[in-house]
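Heads up, there are several structures right after this.
Next come two complexes built around chain A: one with chain B, the other with chain C.
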Partner chain A sequence: MPSTKSQVLSPIPGVFYRKPAPDKEVFIKEGDAVKSGDVIGLVEVMKNFYEIKAETDGVLESFLVNEEDILDAGQEIAVISVQ
Partner chain B sequence: MIKVIQPGLQTTVQDHGRIGYYEVGMPPSGAMDKYSYTAANILVGNDENAAALEITYMGPVLEFHQDAVIALTGGEIPPKVNGQPVPMWETLAVKAGDQLSFDFVKQGARVYLAVAGGIDVPLIMDSRSTYTLCGIGGLDGRPLQAGDELKIGYEVKHQVKIGTRIQDELIPTFSKTNEIRVVVGLCSYRLTEESKERFFSIDWTVTPEANRVGYRFKGERLNFVEREQPFGAGSNPSNVVDLGYPIGSIQVPDGVEPIALLNDAVTGGGYATICTIISTDLNKMAQIKTNEKVRFVAVSIEEALQARKEYKDKVAQMKQQLQLS
Partner chain C sequence: MSYFSKVLIANRGEIARRIIRTCHRLGIQTVAVYSEADAQAPFVSEASEAVCIGPAQAKKSYLDVEKVIQAAKQTRAEAIHPGYGFLSENPQFAERCEAEGIVFIGPSADVIKRMGSKLEARSEMQKAGVPVVPGSAGQIGSVEEAAALAEELGYPLMLKASAGGGGIGMQLVRDQEELEKAFHSTVQKAESFFNDGAVFLEKWVADPRHIEVQVAADRFGNVVHLYERECSIQRRNQKVIEESPSPFLDESLRQQLLEAAVRGVKEMGYTNAGTMEFIFDGDKNFYFLEMNTRLQVEHPVTEEITGVDLVEWQLKIAAGHELPLRQEEIKKAGHSIECRLYAEDPKTFFPSPGTINQLQLPEEEVRLDFGVIEGSVVSPFYDPMIGKIIVHGTERLEAIKKMEQALAEIEVQGLKTNLPLLESIMRNDQFKSGDYTTQFLEKTEILS
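Moving on to the complex of A and B:
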């Protein structure tokens, strides 16, 4: 079955984190299954941590940004392939 | 009443500011982009000091429980009523039950939502502005939370016709690279000539530490003139004997990462302030986001005053235009 790709965008600018805390595991690994509403990362700005959530079910194909990269508002963070 | 369904990232009640208490260490708070804030109040016929909502980076979802006249100004965070896009910089009517939401930010950083009558929260030291660090003003001294209810006040001065728009030439545009004008001083003598020159010739990047208190910039290290620190000054070369910090003043603690102090900042301290953003450009500063670039440009006091005059003329033009329509 062909899969379509769904982009995950950051609504805000800030620092990107894939882990809930420095000593914790990443929220999700590339290749893992993901459900709509799952947190896949955090963006920190103005001392707030904003949860980036998947908006579709699928497989998290790849992250396009690295841990602690500074993102622009609207920047693409990850690609989810939807079966 | 307006019900907060989702609060957005940081949405606060702000008016023109808590003016007149600086000497006791109370910063003014208030709308960071005064031009857009003023335009929003003019568009709904409010008293110019009426409280509005300041929305940062990400819009809230608000549900109106009564009919209301509103206006949205500032950066471009595209607003929608019941899912349908609505224009900014225009007088809009909403009905009881309508839901206001926003798309992702496109340009700028802050949107102002004025409601005819103003947001009715208690006056604290003559102002309704939220000062979150002290937990005073606005709604319980904090940003909005889901479930909050905002009362609409009675500070309407005149009726404005629905569909009234601010003229295009009076609507600011926002960019990812910005020139911000500053007046050099008070302690610029502390920087080496080379560092002073570098400060004005590189692009500074706004870091994620950029909020109502201040904006921190990344660029390169600046150096201070070597000296024996005077009595009363801290031991770091970036320290001076304590002074009052002008709003918009820029300091460079330890020579690393300049900080521009803004509406909610500390009012004084012991860091050398090397220049001060002119008041009109504080409006522009408020619309700059994390990861965008700023080039500082030195101007004279006369040029700063001229810029202020032009700003006042623009506001007068806005009012005049609305009376004519």
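Moving on to the complex of A and C:
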């Protein structure tokens, strides 16, 4: 079955993190399976942390931004391939 | 008389502008430090000089000790005012200033360190005879030890990180099961956020009021209070509205509180302005919570009722002068209220960065401490507070009326603010009665 791609967007501007804390492992690695509702990263906005969640089941194909990159609202964060 | 010829302000937004104002009135030159995101901010153009210290993210600019020190050396600033937040309660920063021969406008690094540890602060206050929330005397080493202590103290309890703050690193536990579940995660959080895994237990005070005392101390052992501030209107453990005097205290309870605060400050060898925070339970017992070793966001309500310029006092004390007034000379008059205007959704409190396309502000009978002007960009990198509205009246209801009037004249376009919430609180009967606790915003349906 052909796979389709689904983009994960940041609804808010801020600083992107792939880890829950500096000394922790990343939420998810590229190539890992992901379920709808899974947290894949955090965006820090005005001293608050906003969880970025997958909106579909699939495989997290790639991240389009790096740890601590500064995001604009609507910017693409990751691509999930849906089987 | 001038206390310094040049002061660097290691902060941004409204507090940087407020400090610059007093410095310039006293003939002191100012240096602003700013991040790339703040290049167009009013505080940068208002300072006598300005130095860009790095990118937008606070840890690469405002929190970078060496960049701030470098800017001070390069501009030959004699002293640094840290404002609140950022480096203001960082003992390593105070130490670095001292090592470079720059005056840190605040207490000694040693006092900042001791008060930064909740366990150490608790034990010093107990020694001074200041009541603390009943709890464990020292660090708890294991979950078994915690369970045994909890049995003795009785649930519900707060499990707290000694180095915690701002609501991070504390967890309510109602029984042994919850304690066992929370123990390791709280230790872990404390280690990763604060680099100090020490935790302790305190009795949980239900539905408390948060009342704090402004203090000031000089190098000659003089300590005074400048009365209390009522700060119980909070959201997410952060203050939204403050007032002085507190409508909750009668004269005898007020005196007990103020005397306890001064006693505690004398014990620790404090210098400069600071704030002793207390919580009150429903039976009017009060307990020391923590000390903030810096200027507070809400300091203007104290200035309004006492006529004292707290920033001027800070400069004076830091320059080695005696306190300008003795306790009996510090008078208060009337009632003052402050509202914090946050760029956030008034119902969900979710941050709302953006550009202020239009800003209308009242012009009379109000003090405005604002970090922004029309056209300012409120960036996602910093605190959502964009300004403070402060009023003074001869009595509380008059002050509330003035605040209602001032808020009605404010208009902000381009981003969401909590203005509708502030206006509703001023009209709320429970707020008007003065009978409210820190649970007020959670328990009351204010915005329909």
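Basically, the second predicted complex is superposed on the first by the 83 of 83 C-alpha atoms of A that agree within 3 Å, B and C clash if a C-alpha of one lies under 4 Å from a C-alpha of the other, contacts with A are read in each partner's own complex, and residues count from 1 in each chain.
Just so it is clear, a residue touches a chain if its C-beta (ideal position, glycine included) is under 8 Å from a C-beta of that chain, and two chains touch if they have at least 3 such contacts.
The structure presented is a predicted model; accordingly, all values stated were derived computationally and were not measured.
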Three-chain arrangement built on chain A, chain B and chain C clash or fit: clash
Which of chain B and chain C A:24 touches, first, second, both or neither: second
Which of chain B and chain C A:64 touches, first, second, both or neither: neither
Partner chain in contact with A:9 - chain B first, chain C second, else both or neither: first
Which of chain B and chain C A:82 touches, first, second, both or neither: neither
Partner chain(s) touched by A:74 [first = chain B, second = chain C, both, neither]: first
Contacts of A:46 with chain B and chain C, given as first, second, both or neither: both
Set intersection of chain A contacts, chain C complex versus chain B complex: 12-15, 44-48, 70
In the complex with chain A, residue positions of chain C that touch it: 56-57, 192-193, 343-344, 350-351, 353, 380-384
Complex contacts: residues of chain B adjacent to chain A: 9-10, 56-58, 104-106, 207-211, 289-292
Chain B partner contacts - residues on chain A that touch it in the complex: 9, 11-15, 44-48, 50, 70-74
In the complex, chain A residues that touch chain C: 12-15, 21-24, 44-48, 68, 70
